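Each structure below appears as structure tokens.
Two complexes come next, and they have one chain in common, chain A, joined by chain B in the first and chain C in the second.
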Partner chain A sequence: MADEIKIGAYICQGCGIGDRVDTAQLAQVAQRDAKASIVREHAFLCNAEGVKMIQDDIDNEGVNRVAICACSRRAKTEAFNFEGVAITRGNLREGVIWIRPDTDEARETTQDMADDYVRMAVTEAKYMTPPKGDDNTKYTPKVLIVGGGVSGMTAAVEAAKAGYQCTIVEKSGALGGAAAKAWKRIPQHAPYADPEDTGVAELIKAVEESDKITVHLNSHLTKTSGAPGRFSADITTESGSTTTENFGAIVQASGYFEYDARQLPELGYGKSANVVTQAELDAMAKEADGGPIKTKDGKEVNSVAFIQCAGQRSEKEGHLPYCSGHCCLTSIKQAMYFKDQNPDIDTNVIYTDLRTPGAGGEDFYRSGQQKGITFTKGAVSEVVASGDALEVKFKDLILDEDTSEKVDLVVLATGQVPNSGVDIEAMAAVVEGEEDGAEPEEPTAVQVPVESILNLTYRQGPDVPHLKYGFNDSHFICFPYETRRTGIYTTGPVRRPMDMQQAIEDATGAAMKAIQAIENAAKGRAAHPRSGDLSFPSFRREGCTQCKRCTVECPFGAIDEDEERYPQFNEERCRRCGTCMGACPVRVISFENYSVDSVGQQLKIVDIPDEFEEKPRILALACENDAYPALDMAAMNKVEYSAFVRVIPVRCLGSVNLIWITDALNSGYDGVVMMGCQKGENYQCHFVRGSEIAHVRMSKVDDTLQSLSLEPERVSVHEVAITDIERAPALINEMAETIEKIGMSPFKF
Partner chain B sequence: MSTMNQAKVEKYRNDFLKEVTANVEEGEWVKMCMQCGVCAGSCPFGPYWEHPPQEIFMMIRAGKREEVLTSTSMWMCTSCYNCIARCPRELPITHIMHGLAHYADRLGLAPKNQPTRKFANLFWNNLTKKGRANELKLGIALYFMNGFIEGIKTALKMQKMGLNMFKTKRLSPMELLGGHGIKDTGGLHAILKKAREIELANAEKFNG
Partner chain C sequence: MADIIATNETILVVGGGISGMTAAIEAAECGKQVILIEKGPSVGGRVSQLYKYFPKLCHPTCGLEINLRRLKGNKNVRLLTMTEVSEVSGEAGNYSVTLKTTPRYVNENCTACGACSEVVDAEFDDAYNYGLGKRKGAYLPNKMAYPQRYVLDPQIIGTPDATKAKEACKYDAIDLEMQEESNTITVGAIIWATGWQPYDANKIQPYGYDRIANVITSVEFERLMDPHGPTGGKLLRPSDGKEAKDIAFIQCAGSRDRNYLKHCSRICCMASLKQTTYVRERYADEGKATVYYIDIRAIDRIDDFYQKVKADENVTFIKSKVARIDEDKASGNPILHGVNTEGYHRYANQHDLVVLAVGMEPSVAQDEFPVKVTINEEGFIEQDEANGAIFAAGCSADALDVNRAVQNATASALRAIQVVNRAAGMEG
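Our next item is the complex of A and B:
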């Protein structure tokens, strides 16, 4: 019974669909062409009565595939939500009537369009199986936290509060991380006027008192394997003893290294003991503990200059190109160490751009000014010894002159370098180079001793991929914490530079994400961005040629290789983008509800009129995250586009298999338009690399076109943003014009 | 006062800022400037003075005592209040400019031939004598501000207007003989004396 496919096609007449197209004809098309078992028309399908009609058919008639031919798949999702059946949508509203003019001339092509969308919806339903979910999932309500600094401890305390067991693995012999070495912190409470106690002691106390948190000091991870819900980690102590434990999710809070100030000899670091970094000054302040801060030779400091952006925000070799975010506030805090102890000490903060992020940042800056800290907009060129003092040479950028100041102590605001482990992409490039027989390239400006943090047994490498400047993330704005390894969340300065306040907020977020991953994994559901999706990829082992494309291209490293070198899918790591499906040259990878057939058969059922009818056909494959919504919004704005296009949403342009293009061209389509997201450095692809991979693959489509003796203009690939409401339809129209110019495809039979 | 004129100031130290804070009207605001430059951009006289307020504030912090106090810049302020209205840090910039000018004048460092300074002093001396401005005397004093010959020339040029004003009772030659004043001139002088004392006491306190 369950295996027997019974398709119910439901055609809505509401929202003007009934007025604009002949729904009786649509019903006939559904039954005759697409072979739906039950076809019903309804005047208002999404109201209670219409929904009940469908539910009755599911309950009483055994309908297990539902093709709803009404509005876009993005609309009315709550009304059309039926348990246990596969649902497809024919987009008659946003896809047809809203983008076509209501004129007599347009009527015929509009009807053609609607007919095709009904055929496609019913056909897609035929090739879909309702996703049953993965039965091999495990529920492990335990979070592994790598790093025992402020971020790590906060994540542990927050997750423990929510009822989850946590294990902190800390490399050093004590909790607290970098923050424990500071005397005070930037204030986190109104009126944001004075430095506050770091709060690290309380945090350590909270960790130690919690019965849900286990701490492993002097330990690191020697092996991490598995997937969300079933991670297995080997925790090895310094003495070499190893314990293996299972976890549901991982939070990586491995923090940062101090930038090596020895690379700044021009600023006197290493030459004079009185040139120190911010971290060193905090240690000096901690030692003084409220008393006068003294230089290394025991002299009380009477004047101090803070040099902002030391080795940061600079394109010079060996410098950090980015802003570390906390240093301006840290310098204000440290200048206050002096001012609060003795207001007569001269403190000068020399900056090029003062940045004080956070709720209290501006108040803290003002408080510093009130206390008499001098702020000078200037660019420092050199620090030289001058008698027993130091001379800071700089250009005053307000007064536009070269000048200098003599001080007892110079503090350099150096940046944070992420402790993000091995750059697996660079590693892969080196390996590839070696395989090609090329000389391995000199490693460029490695600033930190590179040692793997997680030691993952993943096929793509032992650590989480880097995003930019070595920070571990996948997108700073759209999906924070979401690394490209599902169930592993980075937080704190390993993700982006930040101060303690931000790290606390960040770690709380990461703890929430980890909990979400644990719960989703147990239920076999996908994480962001296809949250809740129960489908997962499977492959036909007999057909696989072990080409490794899927294992290499998966943007999330979800696929390993088994002993026989066949791909081994880890469903819990999968984000369901289908990039593996698009990669597979022998088309053995599929999802229950998304496969080479579920799309391939749709494009084949489209009616292709012969050459003389002058009705070309354009296939548009649009990313469901950006391009498809853009087209929907264009429809809402009544932007017209060609009636000859048939749009099929795809999970990601990366899931597009070349066979779809070949099939489309072979069956007489005149053009193919593909719309994915922005790729490259500032990518907007929800699956990070999907669009990029698709662009690479499609750059080779010319060979296919050549073998068919077709013009290369017939296939175009575009990067479309969700805001391209005018542009997305224009790209379709552009293709229609191109076809008008170059003529119809000769492959119409 | 001579010791104050020779005060040694190290660069980018707080010494001069402290002096300004203690002695200049609204001077305590100078340290709050965040160097955005909105005042400089808002000033209708911006292109005509050497140092717009933004620079003056930075010069104070950089310890450029001599340059600030001998500058003509703050004398150029016409009190349009554009800068005050726009300053995101709400500094009373106009008042600080006048405060600085006054302080420089008090120290005798202000540029001798700055016309605004000359006029300001004429006006002040004229006003404080009887508590009301004596327009006739002020006018004549202005004619002769830049020398005797020029004074005669200007007076001749304005002769007709003066006669017309006399005819329409807008000007009384009797004012030359002392002119009218307020009821309690002695009281006013007492107030001013007290104010002067407070000002000097502040300076004294600052000098220790």
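Our next item is the complex of A and C:
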């Protein structure tokens, strides 16, 4: 290594640490056992003077690894934020003195604990390198936008306004998408009383007038490769000519398909020309151009029924299980097309739950009532063509009776089906099934033409993973743009059902994230949730056995395979979770600031007393985002837990390599507790399947235990939430009790 | 605070709830300079007071932890707590903003060791728990509070408690001489994210929130479930501290009503559906929930959450706007009176506890905005070119759920970036 490792260990005596443990002994441990070059104690390390002391050592003494033995890594982060050095934290406050009783009896084990955390912090520092960042990053201030509807055009216009080049690839021959076929839109401004102009023409004009936006019509992507900052896309026209361009980030605004109303024969669609969908009615209104809307055979319309949730919010086969969100407001808008033209036309909106949220929604609903639109809470069973009229049969839910109504026109509020491309996870399941000789799964109910949108060359498949019902949404409430393909953001109705106003907001946000991805990629910085992390996975090719676990398990599709079938890391796609590191059976993957050694050596430096001392050792590996904060907060509440545990925060339980467990057991730990996030359908893990993968991997730890003749109870894996301030300590205590029951490990040397 | 460096390339974010934090962090992660101000002593806002989110039933503090880590690690954001905007002048790309900072009486030396809190005696209603519990006069707002720094309640200043707190602090962190400060800074764009407050349930007289102990609000109910909360996570009703097992949820309490809030607050249906799962979480089949509603607005793909709750036999839905509530004096049980409009049946139903799904009201009243922006009748900021480079984010813009608020905040960050990039001459 070019630069010599010089570790400074700094031991704080503040917040009662100095009263509860012998800090002189800690200093000795840091120097003697962990080999820190400089060791200093300080009464109040986080104050300006303490921080300056450390900075001086960095500036004058060449300290490049800083081990701060004070409070939790979650506290005083800004004070201890030194540039250009690796920083580790020994948690003596929340991890030791706050969770142990202040008694003479407890003094010795409390000191042991503190000694170990100092050893661990210094050792971690030794095995960490300050990340230098990626030298090969590219700055490509150019956004690729797939889809030229309202969402795509908005993303382009907004990104261009911030100074970035944009290219729109639109498969049809014109910009505007679904919205261009609409007559008016739901109002977006107070007083929210009348339908307003769609704004599509203006948006198209803004796109066409911008010198920063290029548009490819009748085109689609035939190949997309690379990573944030260096995407390369093949844009192919209908005639087959292809141009290749480079981009920094991608916004996928591929929109939605109209639900196929032919699946609703009971509502008369396909049987009568006077049963139409909302989209068809808007087209009719557009054709009427402000004049009276007539039936397809040119007759006057005197009465219209709007049937809400047509083929939606229904478990029936071929129906959509979800609500499309906009349809209630759209029906009100369309009823106004008639009422504004002629107040005598009867318009009845038949609904089960009328959904007009927010300030604008409720005002618009009230305006509809004022204009004389009827709203009926009812469940429609059938639409029957009888002579010239249509008979709508429904149960009136207020009067609690079956009834019917004759109308000239029926409008079905059918839903949005996302145009989200290939379901790569279903595809992977089918492929796996075929390999096992199993039958491929039955196709799902609602079929849409499945063509890939992006044609990514990623090993994990050509499109962004679907979430639920085919939508490409983020899985996270607080992070609507948390994508599983770094630098690729989906927006608009492909993400969740939505109307134009929401699509405009959403696309503006997506454009923002695309720009951020471009800026991050250029600096080699990780995207959310480990924002700003400059490290990236490195890989020792000689040792690799080509087992492919890393390429399969990477939650972000960051790892491809090269021609020789070795893993090929795409640093800019990586989110630094370490799942690949945890997966690797031969341990050839590491990060500068997080590696098999940076954790493995910590657990090895812990002092393991011989079995006669009756001081067991428990290793706890805790997810840094949930379990570790839960333990911190337990400490703030002065919840006690076993003095025999040594807690190491991990980026994700998915990054836990089996060797850590094996090493711990081999070196005499009596138990191992692992705490990750909630797994399963509503998984909490921001690295998607880290917790789940860890649970699977650890189910195989039994073999190790068996080969060592150890009891299976010595290793436990748990799902822990950040609110588990009582439970997380209890899980540690449980392990301590288990060890008391089954006895100490025989592997103490 | 003489060291606030801001230029017309700086973005000011007003409000440190999830929308403001998001806008600030997203812009900062694009390399922009941001000043984030928060009126209270810590960031996190309303979501930090929630037990779980719908529809995933995950904990808001998990996302807060991520956002706090992003905030702590990003040198582009300068956070000022206990700070409000008192005046704004200028125009897009060049605003002059006067900030008012009220004293915390605790400086950055604070290590959050808690010694001051241990020695003071006086206790006050805990705003974090909507007054359901008490806190000391020297306190950390909550366990996730960031900055992790104590606060002295101004009410103890000048009392012996203040002196005791100061003497207990070994780190010279308590400064009883701290005064209100005023600073004027230049910024290029402003993101307004002052959020919402629960509608004052006292105003809904027929529901007796002010008279009947066992009528509480939805936000208070969240605090009861929180293991950090006033009851340690138990559903104890206020009148007698007994476990409430039969709980009524009243939708549109103060919303969709000309007498109170005209608008639909969007979140309350999903919030109540979520809260029915709390009843199940605590009592399994022993608990009962009844939802009185007008329309269940479980909008878009999360409608399946409604379907799931509807399938729960212990949850009943009654389509009705409850007319009034009175109290059974002997048991303390609230009695709900009204008509089930599906079939028109009158009812007088007793429950152990009533939860009012109170609406969202913009935090800043229409006449209290320190800056001229276009505000609609409901009090939300409209998108309007006349607003210049002042952009609403989150619930300042409309009644939004967390997901949409964050979406909107991310969009606002871009709008602000467009302005400061123009100021920087980046835009060609």
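The rule we apply is simple: the second predicted complex is superposed on the first by the 735 of 749 C-alpha atoms of A that agree within 3 Å, B and C clash if a C-alpha of one lies under 4 Å from a C-alpha of the other, contacts with A are read in each partner's own complex, and residues count from 1 in each chain.
Definition applied: a contact is a pair of C-beta atoms (placed from the backbone, for glycine too) under 8 Å apart; a residue touches a chain by one contact, two chains touch by 3 or more.
Note that the coordinates shown come from a computational prediction; the quantities given were computed from them, not determined experimentally.
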Clash or fit (per the criteria above) of chain B with chain C on chain A: clash
Per-residue contact with chain A, leading partner among chain C and chain B: C
Touched partner set for A:Pro228, first chain B, second chain C, both or neither: neither
First (chain B), second (chain C), both or neither touched by A:Gln369: first
Chain B versus chain C as contact partner of A:Ile398, first or second or both or neither: both
Chain B versus chain C as contact partner of A:Lys212, first or second or both or neither: second
Touching partner for A:Asp353 - first (chain B), second (chain C), both, neither: second
Which superposed partner A:Ser303 touches (first chain B, second chain C, both, neither): first
Partner chain in contact with A:Cys46 - chain B first, chain C second, else both or neither: second
Touched partner set for A:Thr77, first chain B, second chain C, both or neither: second
Doubly contacted residues of chain A, that is, touched by chain B and again by chain C: 354, 366, 377, 398
List of chain B residues in touch with chain A within their complex: 10-14, 17, 31-32, 34-35, 54-55, 58-59, 61-62, 64, 89
Contact footprint of chain A on chain C as seen in their complex: 18, 25-26, 29-31, 47, 51, 53, 56-67, 69-70, 72-75, 109, 111-114, 140, 143-144, 148, 170-171, 226-228, 256, 262-264, 266, 295-304, 307, 319, 341-344, 376-378, 380, 382-384, 398-400, 402-404, 406-408, 410-411, 413-415, 417-418, 421, 426-428
Chain A to chain B touching residues, read off their complex: 303, 305, 344, 346, 348, 354, 365-366, 369-370, 372, 374-377, 396, 398-399, 403-406
Chain C-touching residues of chain A, taken from the complex the two chains share: 14-16, 44, 46-47, 71, 74-78, 81, 158-159, 161-163, 188-191, 211-212, 313, 315, 321-325, 351, 353-363, 366, 377, 397-398, 400, 468-469, 471, 473, 475-481, 496-498, 502, 505-506, 508-509, 511-513, 515-516, 519-520, 528-529, 531-532, 625-626, 629, 633, 636-637, 677-678, 682, 684, 686, 721-726
